[in-house]
């Protein structure tokens, strides 16, 4: 088919995602352009996956532009550099965990150029990205999504969740629920620990019972009770996402006392424990609040 | 081996649990005595499972006494009627979702008679009870547990979690986490619904992502979004259990702001929506707080 | 001294505030121009206070423009109509309970015209406005404030609290604290009422003790326990202000779990009980949550 | 009239309270017996106020026994030592900030001896105690209160709030409201400080506005913004009282999300900052959560 896809932002997620685009392009006769702020990284990607490293000016002719950057602020910067060069009909797919308000602003700005913006954040972590099994939650025009759906070579599941910004909103709420389940399970274990209960046994029981969650099953046992806290997803980013969820709540005029409270506590943890540690280290604040160690 | 087991309380959980005891007794040459406040029920159980319906006085000679009642208050009543008749060496296994303080009081009282008390609440619902695959979390003497572990014919997993009361504490915390995940997921969906997001799609994404929980995967889609709210586990009982968890927190001198807040909200829901409805109908209060329907 | 002051927005607060400007102008030889969306009201004000009712075009030459409108959105509208006509050197004093972000945007827009914007919300209610004893909290340039401080004929106290938007931020936090004290006192009374305590006596004691607040001393006894709930300040407006405070918290990257929780509960009350009722009727939601009446 | 009053517990509050009893006895011809765990203190009190220092055995004949001890646990101890010696008709007035459940237990135990128990905690601090202007909130039999009301020489106001335990319940709720107002005002100031607002000016405005409270008017300016935190009422005691309020809420089956959350946060502060510091130092935890100093 000869479609040309550009991928901007070769971070921990973007690198393997763009790799899947290149692999697929090799099968279908398409082109995958890659760009990164650090040029060497793009060159290395080209050597490893057969993608083509380009300057920003080289992105202009792409049919689809993917971005995967830390926050919507970096996407704004990218958009400022590129918008004068994009062809009408281009579709911009932003896989950043961005802000719904930014999405609406960016979509409006691009639509003046005839470019369609889709917010398409992903879930599944670096493991899911390497396996090409990411879940993609997409906000924006359904027709535009259909036009690019087959290009999502990094995806296991693609779900259209609503209009522009809806993808970012769902991603923010999901991560806020991650924060809630982590924090609440930590509180429960801290109370049990103070009462002399064996935490490994308690967690085993909870994971076989109705209070279980991804956090209790896949994070707390492996990362907290082991005291390892391996830094894969930073606490500062979790606080940022919980904050976006708080903005989603505020923007919708909704009442969500638990999400708001946990946003505040997660933010406090990021301030007191530090933004760079693994997100599960939020429970270190619970430990301090309770003078107990979760092990 | 000829052990004699008594099972008191043939409710939705106790009926199939006692059934498994009787089945096992049939294989091992033991005896299963059953008692229920409503005598006819015990007779029906005997006819269906081959157990033996007895008066309370007939429980006296049992090696192991199982109870499965609504709250610790009913266990207190039972204990008052039986304690004078029990033989030293008897082990009392209470499968009620009881209160840790009651467990400590009851254990002390029974120990004066030479009877050992184990708190052994179960998880898995009526489906798990029928399948004989319940998870049992046990507090109390480890040696006593070992002496009766093989008698738990209704169990898939048996975990010793600590001293007397620890089983009830873990169960209460588990159910509090159920309340937290239900409520927080409801809040997130309410905010998304107000923003025009498709809830079925959002839930599908969350269930494939890091914010998922038993509540999001097995309850909200099936019971709330369908508007069915089938009453299997009452909202009043969930509020009771979240309250026990709050008492566990208070008793341990712990700080658990999220568990405490959700206990209050769940209690409010039980008051405003009613205690008899399914526990998932707590989300009807979130709907009223947000003037939105979750469908 | 012959200064010309314009006052836009003759609502429950603006009417007596502009009256004080006119009274002072009568003493100093100045002019007070008044404008209201409903023209008749401006005419009536002129007849009662000796102010001068004008068209919007007549505001152009004023030295100081006061606005007192429901929200920052109405101020935006006003600004759009007026900005082309204002003289450089004009000072715009906005007494609305507005949004700090709006203030920063409006200040920037006006500064391009050489007009200085001060956010100057007031506290003291209609009684304070009539008495000319309002507290004014001012954000913006200190020199500009000094130039107009003597023109605040409606004020008892004028306090400079920081840069542009700081006045609105302090006002929002104050009203959020009003929401907190109302709600928390209501919760305490509901618990006591369920325990059979005489609420009038309890409130008398609290008002003589360390837990007292303006809400406990001047609102709950007079408006809630009497069941009168006289509508002076609407619950919807309190929820709006608590929401602005939540935005202040978010904008500052702060962690404020209690303010965030109470914002959510106040919003829920405004949805469930209605936005038009008196703000003290938020406690009707607490009553429903507790199946008790506060009397 | 020759009544004999005994006062047990000559701490920071009890010392001046018993002093007022002695002063009044001097005027009316009554007797004031004083007892303290440290005997020298009772002797010193006798020398300073003309009271009579006694052994515990000397308390037996008193008409009224006052206790003012740290917690209900100490009152339990005292009661164990004295109950066999008290005459029927004696009235026991407990001015401790005690627990309502303890009050009910103690009242029942004493009633078997014909002794009436009144819970009568006080408010007003050491300054109010010295001035003889304390507020007393009394739970228990109204007739018994009338019989001793004139003996409360340390009181400015005496309010009967309900049955046994109601006095302690009201005191606990009052102190929980103190915790709420302290904490919430601290949160608001922290957010404003991060936004560059002058806190002294902000507090001045709040204290002239609707969000004011005893905490904002009499504590935060004098103790926090000055960085002095003079230790008059310990943070651990505030956490204890907020915890009693949480138990009052739980015991009444009430829903009080804000009181419960603030109890948890105050407890966390007592753990992280320390129980011995002044209660206003709870705001040091807010400072850490927000990386800002309140000055």
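By written order: A, B, C and D. Residues from 1 in each chain.
As a convention for this text, a residue touches a chain if its C-beta (ideal position, glycine included) is under 8 Å from a C-beta of that chain, and two chains touch if they have at least 3 such contacts.
According to UniProt, the chain labels map to these proteins: A, B, C, D = 3-hydroxyisobutyrate dehydrogenase.
Computed from a prediction, not measured in an experiment: that's the story for all the values here.
**Q** Need the most distant chain from chain A, centre defined as the mean of C-alpha atoms.
**A** The most remote chain is D.
**Q** Taking the mean of the CA coordinates per chain, how far is chain B from chain D in Å?
**A** Centre-to-centre distance between chain B and chain D: 40 Å.
**Q** In whole angstrom, what separates the CA-based centres of chain C and chain D?
**A** About 37 Å separates the centre of chain C from that of chain D.
**Q** How many angstrom between the C-alpha centroids of chain D and chain A?
**A** 52
**Q** Provide the list of chain D residues touching at least two other chains, using ranges where the numbers run on.
**A** Chain D, residues with two or more chain partners: 249, 253-257, 261, 265, 267-268, 271, 289-290.
**Q** Please classify the inter-chain touch graph. Allowed labels: line, ring, star, complete, other.
**A** Contact pattern: complete, every chain touching every other.
**Q** Show which residues of chain C lie in contact with chain B when the two form their complex.
**A** Contacts found on chain C: 257, 261, 267-268, 271-272, 288-291.
**Q** What residues of chain D sit close enough to touch chain C in their complex?
**A** Residues in contact with chain C: 100, 123-125, 135, 137, 156-157, 159-163, 165-166, 169-170, 173-178, 180-181, 183-185, 187-192, 194-198, 201-202, 204-206, 208-216, 245, 248-249, 251-259, 261-262, 265, 289-290.
**Q** Taking the touch rule as given, give the residues of chain D at its contact with chain B in the complex, in rising order.
**A** It is residues 243, 246-247, 249-250, 253-257, 260-261, 263-265, 267-268, 271 of chain D that touch chain B.
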